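A, B, C, D and E label the chains in the order they appear, each numbered from 1.
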């Protein structure tokens, strides 16, 4: 089943690449929907109390200790759900845009989906790394071929920057791999064991090697500078993939591949991570306040949000991790909606500069309303998905350390500041010649945005199912962590 | 062993073809012959035999490398067929190439310094000529001359090294030398070490390790593209095989050698990769990158001489596959417009997707991006190096390979991002098939990596 | 001959060899260099004799003095370089060159120690360097190299012809 | 009678000749002279090789020298051919004229 | 009992339904339908609240319902649950009752506005959230309401979104509330940490077990939330600006209900507050300061709604003063009466504005009583009530507060008295300038002035009635009353009784105080009359304000400017510094620099490849020498 999740999109994308059918978009969309259904089926079959299910473990390159080991537990499942949920929307979000070489485009998107799912279900260190890198290639080409101006330089920076990080992660993984007792292997459990055995010093070393990779991917301050540029030049779909899903790879990496792996390292350096994440929150929000470009503003807000998630994760409390999980889903949905809205605005007004917009509410009330709701999700108003996550996260950080918690809480205020500003500049006021002819949402756009709205509110009102899905896995993870760190001390 | 005979035979046959006028069939005939050679290698595989009073040793190592050499040559003939078609002296060129291959096979399988020496010389002398084979072009001539002059200079050192080692051990056979070393670990005269280092110098020149690499970029650029392809694949493989065979023995005795190799490795990692960044001419850039790759292989050898054979072999497979692809594309571009600067790749994706995609595969593999074989090659070497505690060097290597990404991706950006500067090029079917075959091979190398890693044993 | 005599002969030959070798490098006129080089070769030949390698001596003289140097001369004549045609090289470079090679000889000689550790020799037998024994070695142990040399020479021949032949004939 | 000349003498002599060869290569710009110096280096090698072989009472060394000679001859053949070709193109044998391929 | 629980569920449900029905078909439905649905839904929940109220009167201690588990992680778990006890039921009555009247009022007031349906949907949403706020059985549900009403106020202040100034006001309101909310959220989290639960019923009993310092911190943080919501110093500046919204909104949200949420919250947590005297002291000070401060500002304002807004702030100050003194009942009492008369005043003002075609400057009014008799009469009642003239509602509640202030300390009492006297002065100033003297409005406006329609006047009359009789729910013993309200609320404040020393004034003192205050008030009213009716003095225009003091007051002590200077500008400055300097030059600069370095390095490194064989061989030989010298390194 898991294998199907991974290879089905791959096969379809290959089909699209090679056969180059006329209806590339339709096929891709259908495929992604099938993928979504498959995931939902898995969710129904998923038993909450066991850990890894639908496991497959076959040797691939034994000489490298590489096995094709995949499996799903609560944490993976939530993220796979997010991925498979967003990809159809992303494919739909192209609307009537005519791409050069559509088959390449949709093929790449599906390949991306494959890689992302792979990352979330891999149970073998090297396999995880492979998917992690593979995910980089399609997104790079999506941004390079269909991106905005000056993309050549910016995307290259993005690629090298992230690659640098992940190569360090590779060193870390190899380091652990070589520490595995007996016949070396990359199996998750074995790596945990190996990491546990290392001396605190070594663990700190490994921690940094891997944390840098994750930090760059998320990205948390100060490893984030590739992100705003890339988000801005990337085509909307690319941005959605990057911010909606790829960003989560970093957090997931921390949760699955860092915390239980080098407990002593995390215990030693986690506080530092929290501090820089919290700095990132304020920093990102502040910069977002003064942005002129709509898309860039969302990019920086995303820095702030992910900072909060990271900080919560490193509190190593069930509350924090659960908050991170739910907030990842919420942020994925919200940011998807946000970029979609940006895309609609940009497409109709041919500009993303906030100052030149205004008064859209007059001509497109429905659009404006949707914007309001998505915005509320982003500023974490209660009864929207955003609140559940941010509440739990701030809760965990505050419990961890009052001052940090208070600072992290600033996101509630600053988020309101830049978001309301955006809304006012773009939507309120009198229409000007740019926005005068702004048409309200078309049916197709409603088909994308309404589900987003519904999900935001639904998760906000009744998040329990999602939380229950990941709770056992998280608790177990922390149990592993506490045992290991205890045993090291 | 038989493979060697077959190849030499082919070479002579090629010369005969001139007389009996079979030029048009020649290439096909040669390819068939090489396939036959490959077959013999397959048959012999798994056995380990000495030949001619231990002059040649065909164990898995030499068989695997000879096989790699032969296969690469087959593909090379495929991609370079117009190099023969468009220019005179088909037969001579073919013959010379085949002799080179013979030399290469010897370098991969020698057990006696004399054979090493002769192998290198056959290879080199033929190459001097081939490099200069586009006589109307001054660049070609210059390349040939530089290569010859510096090559023979380096040979002097190689021979001096051999002589000193002979003096110290009284033997030319690698096996005997090894025995001697084991016999009296303490009592080795100083000039024996000097001999080792001199040999190292000679071979470092052949594998173009910094600071003995200066000839490489110039010669690669000056020589006809197809010959460059040949040099950067077949010749490099052979040189590295020889290097491994020699220093595999000495790696145990002596620490000055490791220190020297360390220094060379660092230089070879840094300098070519840095220099490549600024190159406008893709051909020359690839030349630098191929020098740079030697650095990684040296790192592997340095990390663990005895174990690294597998990694090096796989690395070379991946490398050969990738650079053949790259040179195939380069060859097409170059043959249409006399130059190969980056501009000529502009918008290639829109003009000739197949070329662009193939080139992309090649470059990604050279840049060691998963899941392409280039990555696994580097990965094995890094893993070994970390295991042996060379973490610092590995980090350096990682930084350089990031720089590598930088210059490889300049081409990719040109192909996908820049607007087309010219009309689509018309491709022959054979080129298309070749490119697809090479892509397929690189995928096979990934998926069945295990098959290849185990080969050397 | 007595030890003293051999030693003197050795010194003499060595001196001449080194001197003329230096002259090869420093004489302006290429032709002179060639001639000096020939002298050097003869001295080296002399050393071969001292080392009881008479056969090698013969071959040496034939190959080098007889073939190779003639080839050199021939080329020099053909391209008529037999005059001080060489453009002047900057003194800086010359100094650098001298220093470099000075360093080289230092490290070489310095590293060529330890001959005392060489395997103790059984009483010298002259036989090893006779044609007969050499032939034995050559055609038993070194048969393959011998054969392969033919390939080498063939390659060299083809190559030389290829380079030498003028394209225009083909076109 | 060999034994009364220490092997070291020969090694030093060879080293000297070898270095002179290197010196020549570095010192001169005339391609032909450089060739000759390279030949000189090879001869130094031959010398030391023969010395060793007779000190070790082992014929292999002398046989090896045969090969070196053969190769040297071949090399000179090809080399001079290339040199002539070059001279045909550039009308000179000054090596420093050849620097079109650079950077 | 099940019935009661069902009721408890239905009370918030109906406004929500009303909101959904209108909002989802905002374009389709007719104005009539929309208003009917809106008013109807609120009316129904009013009836239901009455039912619940009756239940409580019937001896039921409280009604509790739990819907479902909302958020749960690790040990912590929050449920979606409601609690109706006397306190909340009282709030329910006020919210739904006054809310209903204002809905009805809006029918007439908003008549012909293009956003008519939108307006009603917002109003309903607001009522829904307000109900959640007061009915929540735990802090998080209250927090939902807390933020929800903030959202609605944001939406309604910026209701006429074409005007960017209004939008600014809306943003200001929302962000200032957000500041308070953060404090509140942290307080809640702190409660979770220390009590392990957020259910009132579980927290309050444990209160004694937690050390005082923590409780002080908790209560402080919660009070920060109250500051934001109830416009106390320093977070009050949004409220006057909030008058940008339609007048009914000002009446409902910014006078009667939302702004009193803070009072409710403190009263709700009386146990915790009672435990920490420090917080109480702070509340007293802040409340008092706010009361006086706002009153002084109100003296010079000329915008009819601004005056009312500042009076609201000042009245809230009084309420908090009461709470700070531990007189929770009095605080709630005043809140209730204030809800009546302040709503009345706003609606009256609205009626005036309506009649004057959205003219809000009292300098352009005057002599309106003959045009708008009903409005005038009701407005007068409101003014009397707020000025604390017996027997109007304001008298009893305010008197109670002053009494307890007196008991607490004379100074506090004195300041409070001053504040209330000022209140009566500016309220009458407002009254006189608006309705007395001869009109200063332009002729064509006069021409069109006419009494407002029934839908507007009816609520006025009802509220006027309430303002008259409202006070009698809490007649003190001194006046032979039984103070029904305190008895009714007693169970809520029971736990805190012990913690605060109850001080009792002798009846004689109380009489004395009342007399003093009433007389002083009448004196001030007289002064106002002489100044604005007899002398017919009209406030000067912006330009020629003579005294510096007046100018300061007129410009509200320049507080907005100060905030702008010390908070807003620095924020933007630091942000742009981050953006331009730290980001571009610092971090990103570093990244790009490394790239540049490589390229430069390459430029130089390639010079090594000179192309001359001589040089190459030189390098080689140097390399060789180095390599060979390795021999000596052993």
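Rule of thumb we're sticking to: contacts are C-beta pairs under 8 Å (C-beta built on N, C-alpha and C of every residue); 3 or more make two chains touch, one makes a residue touch a chain.
Everything quoted here is computed from the prediction, not taken from an experiment.
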item	value
Lowest number of touching-chain links that must be crossed from subunit C to subunit D	1
Inter-chain pair with the most contacting C-beta pairs	C-D
Chain whose average C-alpha position is farthest from subunit A's own	C
Farthest chain (mean CA position) relative to subunit E	C
Geometric centre: closest chain by C-alpha means	A
Averaged-CA centre spacing for the pair subunit D and subunit A, given as whole angstrom	66
Inter-chain centre distance, subunit B versus subunit D - centres from mean C-alpha coordinates, in Å	27
Chain centre separation in whole Å, for subunit B relative to subunit A (CA means)	43
Distance from the mean Cα position of subunit E to that of subunit B, given in whole angstrom	79
Where subunit C touches two or more other chains, by residue	96-97, 100-101, 104, 108, 111-112, 115, 118-119, 141-142, 145, 149, 152, 155-156, 159-160, 163
Overlap residues in subunit D, where contacts from two or more other chains coincide	7, 11, 18, 21-22, 25-26, 29, 35, 51, 53, 55-56, 58, 60, 63, 67, 71, 74-75, 78, 82-83, 85, 95, 98, 100-102
For subunit E, residues contacting two or more additional chains	595, 606, 609, 611, 613-614, 617-618, 621-622, 624, 628, 631
Those chain pairs that satisfy the touch definition	A-B, A-E, B-C, B-D, B-E, C-D, C-E, D-E
Footprint of subunit E on subunit D - complex, ascending	22, 25-26, 29, 95-96, 98-103
Residue ranges of subunit A touching subunit E (in the complex, touch as defined)	157, 161, 222, 224-226, 283, 286-287, 289-291, 317-319, 322-323, 359, 361-362, 365, 376, 381-383, 388, 391-392, 394-395, 398-399, 405-406, 409-410, 412-413, 416-417, 420-421, 424, 427-430, 461-464, 467, 471, 475
Interface residues, subunit D side, partner subunit C - complex	1-13, 15-24, 26-30, 32-33, 35-37, 39-40, 43, 46-47, 50-51, 53-60, 62-63, 65-67, 69-78, 80-85, 87, 93-94
Of all residues in subunit E, those that touch subunit D in their complex	606-607, 609-614, 617-618, 621
Subunit B residues within the subunit A interface of the complex	310, 349-350, 364, 369-371, 375-376, 379-380, 382-383, 386-387, 391, 394-395, 398, 401-402, 405-406, 409, 412-413, 416-418, 449-450, 453-454
